[in-house]
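Following: one structure in structure tokens, then a few remarks.
Letters are used for the chains, namely A, B, C and D, taken in the order the chains are written, and counting of residues starts over at 1 for each.
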Amino acid sequence: MIKIIFFAALREQLGCGDYQLSATEASTVAEVKAKLVALNPQWQSTFENQSLLSAVNHDMVSGEHKVKAGDEVAFFPPVTGG
Amino acid sequence: MIKIIFFAALREQLGCGDYQLSATEASTVAEVKAKLVALNPQWQSTFENQSLLSAVNHDMVSGEHKVKAGDEVAFFPPVTGG
Amino acid sequence: MAKVISIQEQDYNLADEVALLEQDNDCDGAVVTFTGRVRNKNEGLKVSGLYLEHYPGMTEKSLEKIIAIANQRWSLGRVRVIHRIGQLAIGEQIVFVGVTSMHRKDAFAAAEFIMDYLKVQAPFWKKELTEQGEKWLDAKTSDNNKAKQWQSSE
Amino acid sequence: MAKVISIQEQDYNLADEVALLEQDNDCDGAVVTFTGRVRNKNEGLKVSGLYLEHYPGMTEKSLEKIIAIANQRWSLGRVRVIHRIGQLAIGEQIVFVGVTSMHRKDAFAAAEFIMDYLKVQAPFWKKELTEQGEKWLDAKTSDNNKAKQWQSSE
């Protein structure tokens, strides 16, 4: 399985904090996103937001980054700490 | 009178912390310096040190700065605080 | 370089943190600290407090990386980063960055660098409580630009 | 901008100084401090302490001027400068610069600027007590160069 988590405004907009996909359903971060939207059409506009960031196993990555079983994939808005 | 004071290594080299000149004896900082050396020939090499700084009434000034009765003229080495 | 990173709800004591940076450390003559606090206003709106969310695990990893880069660029003694999470009131401390070095230039540069990168890379999110209700803050272009400047300078 | 300058023999408490910078000051989100301490080594020689001389009257005037220039260049809230004089032991605090601002960039820049100018303009002199006896410190070219950089940047 691939564990997927959402943070901050994104989590509130989706009304959902985490999700799971089978590793056969997506091989890149972009495909994870596409799959999430395919399974939850109401999320489409939220995921179309170009500024969303993604991380795999705690490292910031781009959409082409590969994912595999056991990975933790996170999506979140631009960070605003400090 | 013009009040003249020396600080730090300069004071120790001269063996003297302050001095007085009559306002008629010098009209610029450079002339103050020249007069001090004329009156105290043993100070010559010390005052030839190009890096010596001068201040008049608590403002850093150059040799051409005018001096008048009542002024406080200070000579000192480059500062090393902080 | 010795570094300690803490992500915590509870407040911290600035004097204690600086004492730890200086203790048994007589070779570092320069200590620079940055404190970020909750302001009472933002973009013209009165603010009554902040809520800070983060991504546990990634936050620490991200700060480790930022400090490692700073340590490659400058000669550093000790580095301390504390970032608070959860509910914070006006005037409270949000973030502390403390850096010691033999040279003040390195301590200043590294502290500012760590803050600039923390702002754009560490996964924290602020929700502001204003007179008009709750609102997640938007990231600032100026913060992105400021972080990018380190790539060209020096 | 509110500023307070002290030249004193006695030690000060960092936490008290930062508390004064932050007290009733909920608009400034950024606080930067610099602490300069007596190091145990300088230019390869073991140091056992420092003696600091200054030019009373000119020192305060010089620091006032430096802070005024910083306040013209950046948007500052409060500025605090403490410089100690007399006999100081290893590890003791020599100088404190604390700056608050709404923006961290301004607080960092002003604190570093004030230190850089203090180093080359404020009439303090250090005599070092080393294993080879007492020695007045020489001014460093690097300090002069660092102060000059502010004339071209930004």
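Simple rule for what comes next: a residue touches a chain if its C-beta (ideal position, glycine included) is under 8 Å from a C-beta of that chain, and two chains touch if they have at least 3 such contacts.
Worth saying up front: this structure is predicted, and the values here are computed from it rather than measured.
Rotating subunit C by 180 degrees superposes its CA atoms on those of subunit D, with the angle stated to the nearest 5. A separation of 26 Å divides the Cα centre of subunit A from that of subunit C.
Here the spacing of subunit B and subunit C, counted between their Cα centres, is 48 Å.
Per-chain Cα centroids separate subunit C from subunit D by 22 Å. Across the assembly, subunit D contributes 36, 115 as residues in contact with two or more other chains. Shared interface positions of subunit B, i.e. residues touching 2 or more other chains, are given as 82. Viewed as a contact network, the protein chains form an open path, each link joining two chains that touch.
By the contact rule set out at the top, the touching chain pairs are A-C, B-D, C-D.
Within the complex formed with subunit B, the subunit D residues making contact are 36, 52-55, 57-58, 61-62, 83, 94-95, 115, 118-127, 136-139. On subunit C, the positions that touch subunit D within their shared complex are 13-15, 18, 22, 26-41, 90-91, 102, 104-105, 107-108, 111-112, 115, 146. Across the interface of their complex, subunit D is touched by residues 5, 7-9, 12, 51, 55, 58-60, 74, 76-82 of subunit B.
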